[in-house]
Every structure is written in structure tokens, then in C-alpha cells.
Amino acid sequence: MNKWRLKTVGMCGTAILVLSLLNACAPPKGADQASSSKSSGSKEEIKIGFVSQLSGGGALYGKQMENGAKLAVDEINKKGGILGKKIKLIIQDDQANPSESVKVTQRLVTEDRINAWIGTLKSSDTLTDIGITSKQDIPSFVPVAVANSITESDYTNVYRNVANNSMQAKMFVDYILKKQPHKKLAIIAENTDYGRGLSEDFKSFFEKGGGEIVNVEYYNVGQKEFNDQLTKIKGEKPDGIVISGLVAEGALVLKQAQDLGMKTQWYSFGGFSGAAPIKLAGKAADGMIHTEYFTPIKGDKKIETFVNAYKTKFGDKPDAYYSAATYDAVNLYAEGVKKAKTLDNKKVNDALHSISNYQGVMGSISFQEDGQATTKVWMAQIKDGAQTVIFRPE
Amino acid sequence: MSKILVKAEQVSVKFGGLWAVKKVDVDVKAGEILGIIGPNGAGKSTLLNVLTGLQRPSAGQIQIDNGYVSKKDAWQMVKMGIGRSFQTIRLLNELTVIENLLIGGHLYTKRGLLDVLGRTVRWRKTEQQITNKAMELLQLLGIGHKAQEEISALSLEERRRVEIARALMTRPKVLLLDEPGAGFSPQESDQLCELILSIRNRGISVVLVEHNMKVIMSLADRIIVLDHGQKIADGTPKEISEDELVIRAYLGGEDHA
Amino acid sequence: MVEFAQTLVNGLVLGALYSLVALGLTLIYGVMGLANFAQGEFAMIGGFSAFFLVQEGVSYPLAVVIGFAVAGIIGLLVHLLAFYPLRQSNHINMMLSSLGVSLFLVNLAQYLFSPNPQVVKSPLSGESFNLGGIFISQQRVLIVVISFILCLATFLLLKHTKFGRSVQAASLDPDTATLYGVPTKRISFMTFILGVALTGIAGALLAPVYNVYPTMGISLTLKAFVVVVLGGMGNVSGAIAGGVIVGLIESFAGGYISTGFQDAIVFTVLFVVLILKPQGILTKVQGEKV
């Protein structure tokens, strides 16, 4: 009897381990929603492969990417396509799972013989996928994933039309030091490559610029309780706190800090873009300043045209940068093909590298040699339950 | 004629291809001591299991108080007034003697959480009542001084007594005892006989499976003899002791069967 | 000093929550021998029912009570479909079945409610008590108070009622318990429902603090298992005390060692306990349960 109990305890130990692993991975996702419009073999088409998460946790954002791509493709096709050829978008769901992402990308390259590739929502998936497309030099666009390493792999076919983490941190630090009075900050960071990388960049730039980081606390993805981190930070009495993480946990950080009576200036990054922080943190998010890549603001003709076209087609206003960046990516590829006057991968890549000051929805874009665009980030602040743009680059 | 409390008709239990019990009729009358004897493997314990709901009969029916109960669970049989002790003692060894009895005693109490929270009069009264009843039974069985001991600290003989007390705690009409005297000294066996008689004097029928012939012949009003799962005789001790079939079964009759 | 006191308060609040979830888990383990890996999902069910009810205009306190009932009813269905058919089977099959239930409920919730977090508004949301620099939100005070009341009520229920004695007997030896007139099967049903309903109410209570989303239960199950193993499998007072201990370890590990290794420290304590005292720190002798 006793022996049996010990065995059960041992078993539970094992099962707890298994469960921790399960917990660490992304939960299994629903059915594949990708449109299965397979290649018809027609030579009159330009095929763009699109890979993102369309089911499960990040599907909300993946779907917006998909919409942005669809909108751009439709507009181009309505105007007669490029070089007289129509664009065909082949959409694949990678469930934000690296092995699934590689599988669908491989299929796009070998079976569909795509001319260009666009993806994904997650930096880790993007990194493995561009390893495949680069073997055939297929122009590959990264509109959303922001890990520095994506454009640091010496691939000559990878383009990112959004600022990477490092650029984001640098511009944010410059902004805070110049325009805000806070010189003594604390950081609460997600315990992942994303959160740690961003927080390390921010810390080094901020300290170089003369600021002080009083402490850095970490939390895990999916964590719900932040009182311990916040109590420690509170004891250090910083002027402001930087959340180096995403909104699901970040919103709870804000709420719990409010409950702990903390009145401080909050800062965060692109993870807080869009309307989610206001919905999840409510009043606790008021006053927060965060970096932003794009907001559907009024008064800019290019943006208004895009937002209206998006609204007409999909019924919703675009939230954050996901759709705008993907929309720009498709147009950038079209621009490259127009310049090269051929679909030859090598020539299109050369043409893309020579693009300078292309005016996209998200702003002016020029690609550097490594494929990273010299683009700037915006600053937004949450005021009275609405997001307002407080700084926009020229 | 006294009333029939338990009536088993043509009860059979089959394990694989083997009949452990085959078409056995048993009546238990109010206030009687019924002995069941038979060689090892004759099906005595299986028959008791059927009568207490631990074993579903393959065929046949059981009636308690004129209601069919062949498909009832063990706890329902307890509730219908069938108490039992086991050849291999079955108690909650981690608890004390009195705790074991109190669990059985709760069968007839009704107490909700509110009573406990309010510590109502009813709560105190029932708690007191079942504790008194348990102590009284332990005195009757001569183990009142062991009430606060854990079962695992008791001797085999003491555990048998606790088991009988546990069965009595559920207010049985019929008490089934499966070799209650196994491993007892002659003196302890005598005490057991007195005990069984005093239980019967409380108006409880007793069904006794016992190897000790002296005990069974002196106590039983009526005896059933099983052999190879079948009933071969049913009668008073005197009739049984003169029965041809019984003598043959007990004197190595298996060789000729 | 204030920081120490705040850390202590944080730990106690967390502990109260862990105790409540672990209590349900340990009850179910005690009676059914089931290591229920779907326990946390009932917090998710309680949380989502509170979310939908509050959205429909039901007052929050009533939503909490209904959350308790909804978790209980779904618990009954789960027991009937996933565990009752396996009652004769061994405990490992039951445990695997519970893992399946957990995955199923999480995926179902993702399908029905989307994977995104949802906010539940409580009248206490955003309000805090300030005790000389030590802050505690009113919702957390509510969690502590209700958790304390429910733990105490369950404890009394088990110690002093017929149901409690039946649960005790069934958890010690389900077959023998039937000989005492204990309806073991029915008790196992009732215990499972009570156990998951307690976790359901925990889910409805923590919803305003933590938001609700389909995977919210997984980490809760994990913590509850740590508590239950620490306190002794099936040991009710062990689960209650163990919850508070784990809450304090977690809080002080985060406050005074490192927030990055908070969970690692909790699990290290667990493994040390498993090696030195596998029956749990609060189990004195073998079999002192329920």
C-alpha cells in the first residue's frame, strides 16, 4: 500500500515535469485554415507564399497580416498586375510552430515554386523559414518579426520593412532621454530571448546615454502573479518602469502595480501596440508610453487611403502594424519586380537592394545591405482610454 | 413459523467454467442461528459474498424482506440489515477502534454541515448517541479498554471482535460470521459461543460459517452443508450428523465422487 | 521592513489561493486515487462563467456562486464520461485520462472563446487597502477571506459529518468502506464534484486579478500538485498548510533571491522534499489522511 503510494508520488513527479514542458510549448492549435489554392502551373502568375499563424493564440495577428497581404495583392491585380502578370497569394498556416512553419515553407518552395515569400508572426519561425528560401535566393519579406538576428544571417534575399528590436530600443531611449524627465528606470522583462534581448539593448543604450537602470526583474510567459517583482521594484523607487514583454502579461503587471499603490511612468515596446492594452488593463494603462510602428491615424493621406480600403474590404479598422507592414511588404516586392523587369530572383534581389525612400503606409523605406530597412518607430501614449501618437518620425 | 428474513433461491456463481456455487437455496429465519459447513473450497465464502452484495450471482435471486436485491451493492445490503465479518479481517487499519465503529454508526444519522457549524443540540445528541452505542458494543465484546487504540496495534483475536462490533454498529437484522473462531484458543472459542448467543438474544439472526464442529453443533439451530458448490444437506445438527452424504463428503468422499 | 511585510502579505495571499485549489485536488486524490491533471481547467471554467455572467449583467458575487455550480456540473459530466468508466482500471489510466480531459477542455475553450485573455470586472477591481505602506487589493482580501471560509468549512465537513466520515473511510480503503455502509461510488462522485467546484470558485475569484483565458489553468494545476505532494497526497490539512508554505516560498524566493528563478526554487524545494520525505512534510505516520 505504502509502496504503491510512493510509486504514485513518483509518477506525479514525472507527470509534473511533462506538464511543465507542455506548458512551455505553445498549446496545440486548431485546424489548418490555409486556403489550399494549389499551383495551377500557369506561367502567367506571380506566386507569393504567405506563412503565418492563422489558428490558435496569435491567429488574431496572423489574420491581420493575411488581410494586409490580400489587400495589396487585390489592388495590384486590379491595376493589371506587374509586368502583365497577376499575383497569386498562397496562404499557409504555421500554427506558430517551428516544425510546421518549415514544412509549409518547404512545400511552398518545392511544390508551388513561389517567386516571393512573406512571413511570419514569430521570429524563431521566421529564422528557420528564411534558411529554406535563401537556398534558392527567393526574395523573402519579414514585415512583423523583429528579432535582430533575422537580418544578421548574411542572407542576400531577406528584407525587413520594420525596425528591429535594437533599433526600437535605441530610438526609444533617445526619445525618453530627450523628451521625458525620467533618468532612473527599472525594467520588468519577459524571461525569453525577446524580453531579455530587448531589455539588455535598452539597458545598455540608456546607461550610455547617462540614465540609470536600478534593477531588472524577470517573469515567465503565462505568469499571472507579479507582486513579488513589483514589490522589489517599488523598493528601489525608480522614476519609471519599462515592461519588456507582451501585453497578455504586461496588462496584469499594470493592474497589479496599481493595486500596490504604485504611481509611476510606464514604458513599453511594440508588444503594447494596438488596442489590446486598453482592453486588458483599463485605467491602469493610462499614461503609458510605448513604441509603435503604425497607427491608423487621421490626417495622413497615404494612411487614410489604406485604412479606408481595409475597412471596406474587411469591415474592421486595422489594429497596430500587422496589416500595414504586410501590405507594404507586398508592394515592396512589386516595386522590386517592376524595377528589375523580370522575375529572376537574383535580378529582383538586386533591384530591391537599390530601393531608396520608398513611401509605404508605414513611412519611408530604404533597404540596407543586410536587408534591414532604415525605418523609424513612432511613440504612442495611452490617454483616457485611447491611444494617441505623441511622436512620429519625418 | 418465524418470519423468513433472507431468502436465496437457486443462487449460482460461475467463475470461468467452474461452478463455485450451484443452485443453492438458503432461508434465514428471524432469531435463528444458521450454520454453514463444508470442506475447503465448497463455496461457503462465495455464498456469503453473494448474500452481502460483494458478488453478483450468475443466476438465481435473493430476497430480503420480500424485496429482490440480487443487483444491490454491498453498502446497500448493509443498509438493508445484512452485517458481516470476514475470514480475512477487513477493517480500516489506520483508524482507532472507536473511529471504525463511528463510521458504521453514521449510517442511520442525518447531519448536515449547518448542524456542525452551529454545533446544534441535535449534533451533540447524535454524536453522543452513536458514541454511547459504540462503547456499549465494545463492552459487550470485551474490548472497551481498547477503544482509543489503532487497529494495527491489536491482536488478531481483538480485531475479530472489533469486526463483529463494526457489523453490529450498522444495526443488522442478520449477522454473517465467516470463521469468527479461526485461530482462537479453546477458552476464547467458549467466549465466542457465549457472545454469539447473546447476539441472537438481541433478536439478530446469525449465519455462522465455522470449521470448529464443536462450536457449530452446540450453537446452530439448523445447518446447511455445501460440497462442490452444491447444497447436499439442510437440517438440525442431529439430522446432519447422521446424514449419509455429509459423512461421505467429510470422510474423503471426494475420491468417489 | 515595509518590503518584508509586503512580501509576506503577497505570499499569504498567493498561499490562500493555492490552498483552495490544492484542497480540491487532494480530496479527489484521497477518495478516487486520481491525480487529476485537469484540476486547473475547472478554475478556467469558473473564470469564464464569471466572465460571461458579469458581461450579461449578473452581479459579481452571484457570478462567483454560479461559477461554483457550473464547475460542479461540468465536473459531473467529466466524471461520468472520463473517469467513471475507468473506475475498475488502474490509477495510471485514470491519470492519463485526466491529462486528456485537460487538453480537451483547453482546446474547447480556445475554440469557443478564442485564446485571448478576457477581463472580468469585480466591484472591488482597482481598490486597495493601504496599511502603512503595505498595499493589498480588496479583491485579494476577498480571495483570502473566501478561501479561508471554504477551507474551514471543508475541513469541518470532513471532520464532523457523516459525509466526512464516509470520505475518510472511502479514502482509506474504498472496498472495505462499503462494508461500513458507505456508498463508495456515490461518495467518489460527490467528492469529485466538490473538489472541482472548489477550484471553480477559485477561478471565479481570481478572474478579476489575473484575467481569464483558456490556458490559465495549466500553471495552477502545476502549483496545486507541488502543494499536494508537499503536504502529503490526500492529506487535507496538509494541502491547506502546504498552500500557504508554497505561497510564502515563492514570494520570498522572488523577493530575496531572484524573480527569474522563482519557480525553479519552488520545484527544488519539491524535489528535496520528495527525496527526504516522499510521503509529504505534513504526514506524520503512514496513512494519516483526510
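Residue numbering begins at 1 within each chain, and the chains themselves are lettered A, B and C in the order written.
Here is the rule we go by: contacts are C-beta pairs under 8 Å (C-beta built on N, C-alpha and C of every residue); 3 or more make two chains touch, one makes a residue touch a chain.
A quick note: this is a predicted structure, and the numbers were derived from the prediction, not measured.
A.B. asks: With chains as vertices joined when they touch, what's the shape: line, ring, star, complete or other?
C.D. replies: Line.
A.B. asks: Taking each chain's centre as the mean of its CA atoms, which one is farthest from the centre of subunit B?
C.D. replies: Using the mean of the C-alpha atoms as each chain's centre, the farthest one from subunit B is A.
A.B. asks: Would you mind pulling out the distance in Å between where the CA atoms of subunit A average out and where those of subunit B do?
C.D. replies: 75
A.B. asks: What is the distance in Å between the mean C-alpha positions of subunit A and subunit C?
C.D. replies: Centres of subunit A and subunit C (C-alpha means) sit 36 Å apart.
A.B. asks: As a quick test, compute the distance in whole Å between the mean CA positions of subunit B and subunit C.
C.D. replies: 42
A.B. asks: So which stretches of subunit A touch two or more other chains?
C.D. replies: Within subunit A, no residue contacts more than one other chain.
A.B. asks: Where in subunit C do residues touch two or more other chains at once?
C.D. replies: In subunit C, the residues touching two or more other chains are 286-287.
A.B. asks: So which stretches of subunit B touch two or more other chains?
C.D. replies: Residues of subunit B never touch two or more of the other chains.
A.B. asks: In the complex, go through subunit A and note every residue touching subunit C.
C.D. replies: 1-2, 5-6, 8-13, 15-16, 19-20, 22-23, 27-28, 30, 56-57, 59-60, 191, 217-220, 222-225, 227-229, 231-232, 234-235, 248, 251-252, 255-256, 258-261, 279-280, 282-284
A.B. asks: Would you pull the subunit C residues touching subunit A in the complex into a rising list?
C.D. replies: 2-3, 6-7, 10, 13-14, 33, 35, 37, 91-92, 95, 99, 103, 106-107, 110-111, 114-117, 119, 126, 128, 130, 135-137, 139-140, 206, 209-211, 213-216, 218-219, 221-222, 225-226, 229, 233, 250-251, 254-255, 258-260, 262-263, 271, 274, 278-279, 286-287
A.B. asks: Please output the residues of subunit C touching subunit B within their complex, sorted ascending.
C.D. replies: My answer: residues 153, 156-157, 160-162, 165-166, 168-169, 172-173, 175-185, 286-289.
A.B. asks: Which residues, counting only subunit B, touch subunit C once they are in their complex?
C.D. replies: Those residues of subunit B that touch subunit C are 52, 73-76, 78-79, 84, 90-95, 100, 102-104, 106-107, 109-113, 115-117, 123, 166-167, 170.
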